[in-house]
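Order as written gives the chain letters A, B and C; numbering starts at 1 within each chain.
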Amino acid sequence: MSARWLDDVPSRGLLLLLLLLAALILIPAFANDYLITVLILILYFAYVGQAWNLMMGLAGQLSLGHALYIGLGAYAAAALYVHFGISPWIGLWASLVIAAAAGGVIGFLAFRFGVAGVYFAILTIAFAEFARLAFDHWPWVGGSAGFFLPVANYARNDLLNLRGSPTMFYYLLLAMTAGAFLLCHVLLRSRAGYYWLAIRESPDAAQALGINLFRYRMYVVVLSAAMTSLGGVVFAFYYNNLFPEQVFHISRSIELILAPIIGGIGTLFGPILGAFLLTALAEGVGEVMRAIGLDVPGVKQIFYGFCLLVVVMFLPDGVWPPLAKALRLDGKPSQDRSGC
Amino acid sequence: MASPARIAPGASVAALLEISGVSKSFSGLKAVQHVSFNVAEGEIVGLIGPNGAGKTTCFNLVAGVYRPDAGEIRLAGKRIDGWRPDQICRAGLGRTFQLVKPFAGLSVMENVVVGALNQSPSVRAAKAISASIIEQLGLEAKRHEPAGALTLPDRKRLEVARALATGPRILLLDEVMAGLRPTETDRMVSLFKDLNARLGLTILMIEHVMRAVMALSRHIVVLHHGQVIAAGTPAEVTRDPAVLECYLGEDAL
Amino acid sequence: MPASIFLNVAVSGLLTGLVYGLMALGLSVIFGVVRVVNFAHGEMMTIAMYIAVALFSAYRLDPLMMLVPIAAVLFALGYIMQAGLINPFINRPEHSQFMLLVAVAMIIVNALLLIFGPDARSVQTSYAYDSFQLGAVIVDATKVYAALAAGAVATGLFAFFRYSLTGKAIRACADNYQGALVVGLDVRRLYALTFGLGAACVGAAGSMLVILLDVTPALGPSYTLLAFVIVITGGLGSMPGALLGGMLIGVTEALAGLLFTPSAKSMFAFGMLVLVLLFRPQGILGKSPS
């Protein structure tokens, strides 16, 4: 079984990946708290970026309202924990189902009614905004005043209830990101993966080859939504407070697509690379600003904006494809062009 | 590939594809009017006519891209007009596009695998099927190249390979010989002859390259201004005055 | 609730809606011709609003008087953006263009945040508290003046597209890109001109809106969204549709704010958007897809 999964992956690439994983597993032993919080942010964006990348990169559907799924996932698990004491490991199933349903509704409306391209993007924005406003007025989850999870002491790591030190969350996110990566790798090489790529490249040709466009588009939307919601669960239990204004806001949706776009849409490693680059550079810029004494709100965002601009203009496929080529990781002739 | 077992032993010579009284208009323009013809199982039929005669529209109607305003289309006796293109493909009809639509970002092999997955959900099996088809179409050397980088003749071959990979009972070919050198044309012709003879693949082809049409078709249907003006063997059709007039009059050949 | 309150609120919404309509008109023109989704539309309007605020606080210049210069500045901005940034992107995939403008929007919003800070700024003109009374209806003077200005600018734009040579050339580009090229029109320059005009519209709308509302950097994204809702509802590519959509949204927003809670008014707009996208994607006045 595992031999089949690893078909076509160049051994150099695999080795580097394993080294990276090993490094990430060992880092907390040497890192200070600040570095760990930065890494948590990186992994979070790598994970949700990967989930978004499924929809955009694999199936070509541009979603600018993915914060919807983060919010739904976050609120679902948090509400079950706060109101009923249900462990997030059980609560996350509610998150998955609710987000999947939301994705299903959006997908159904979009694909049944032929809403595509830019219109689809706007539809996703509308749904996220709708959720933001709706949650603002829902007292059971705190409304606009916010929803708070009881903050326990960090002395113990309570994995069952996701209460604990940043290091615990770090490993959790590492596992999730690695899992997402593996899942996408397997999917890409499956029938669904081929069909998604075909739909992205030419829906007409795909149909003529027997692909049911509606069904496969729905699969990817629902899967992407569900995956993203798990990021929301972690978000809720890590930050311990949720405000609709923040969680569902369009800037959250845009924030989470930066990493995959900069790293490389449609590639497996792109979102991860993008998350590292973006967060590391932003922290760097932040440090420089602090040193000069120009620590003002908005600088980081302007920086993100410029990064995005530069990448979109000069590196339309993202940073990873040219980098992979330079490192000769795009591999031997047997390597799938569509993959990592 | 379409296995011989698909053709039921002792099957009647009823047509595999029946088009009856099909019409289609676009914003008042009658593209296709009361077109009727049949394609028998195992036949190769040529669909010819001057530019704008409605040939590709016919293909699009059969393949489910458009819904006919009137008339019926049957595949192996079942009505398929109104079906989606992917449903029609799964029912056994493969088609190529006149303006080829390769999956540009995928390799030649991956393109064909997409087609082959129609026959088998296992990627491994699909790859095996694809490898054989790629070889038959002479794309073996380029199988890992991105489809977007291919020359036009190669793209046309890829288009055919992809459609073949779906394992169709009937293949609709839309001007696949255009732009090919005579040697390449001959090669395609012998490939289709072989597939037709060996596997009983039924073919309906739109072609302007008369060399190919004459060599392959047992039966030809001539379309002009959206209507069938002649049908018969190649010899009959080339002698038909109506056909000669529409071509010479149109200055098309 | 007495009917007069409904009427007041509705009329007030209608007037504000006309200004919204002008803003959306700019977007419609840009999308209709250049086929680029200007995701930085609201942000550009915010720039205009801040310029008006700055001019007012420094020199006490009425934004409505400053309408033409502000629109001119935005025209230049739009022209440069199209010529310099977007024109090379015309043949790129849709999502690339989108992302380009998303990036520009991000930069604008945060640059404004950096320069002006997050606090709301407003313009209190001398007539800020005046009102007119027509029978049972009482309306704010600011709304009336803003609506009149919006009407004037919109009329000017219609006339330009209908009667001027350049306007017709631009419409030709919109209808048939290849045809326009064949006929020898300098499409890139016309695109830049169009984007400039769209930006000018939005700049004018900004000078009007600033006397009606306070401005913060965060206003940009919400107005971009609103502009899209209006344009899609009214009909993409239809100029009267943008104005109609604007007024419709203005009225429904105002009434929804009265009948439900004020913050729910945006939900209405989004609800309308979803319905339009599903059942009548060409909008109310848009052309039906063939």
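Odds and ends about this structure:
The rule is short, and it goes like this: contacts are C-beta pairs under 8 Å (C-beta built on N, C-alpha and C of every residue); 3 or more make two chains touch, one makes a residue touch a chain.
Keep in mind that what you see is a predicted model, and the values were worked out from it rather than measured.
Shared contact partners of chain B and chain C, listed by label: A. Averaging the CA coordinates per chain and comparing them to the mean over all protein CA atoms picks out A as nearest. Relative to chain A, the most remote chain by averaged C-alpha coordinates is B. Averaged C-alpha coordinates give centres for chain B and chain C that are 51 Å from one another. Per-chain CA centroids place chain A at a distance of 33 Å from chain C. The distance from the centre of chain A to the centre of chain B, with each centre set as the mean of the Cα atoms, comes to 43 Å. Those residues of chain B lying in contact with chain A across their complex are 63, 65, 84-87, 89-90, 94-95, 97, 101-107, 110, 113-115, 117-118, 121-124, 126, 144, 146, 162-163, 165-166.
Touching chain B in their complex are the following residues of chain A: 4, 189-191, 194-195, 197-198, 200-202, 204-213, 266, 333-338. Against chain A, in their complex, chain C makes its touches with residues 37, 85, 88, 92, 94-96, 98-100, 102-107, 109-111, 113-114, 118, 217, 221, 225, 228-229, 232, 261, 263-264, 266-267, 270-271, 273-274, 277-279, 281. Interface residues of chain A facing chain C in the complex, by the touch rule stated above, are 56, 62, 109, 113-115, 117-119, 121-123, 125-127, 129-130, 133-134, 136-137, 250-251, 254, 261, 296-299, 301-302, 304-306, 308-309, 312-313, 316.
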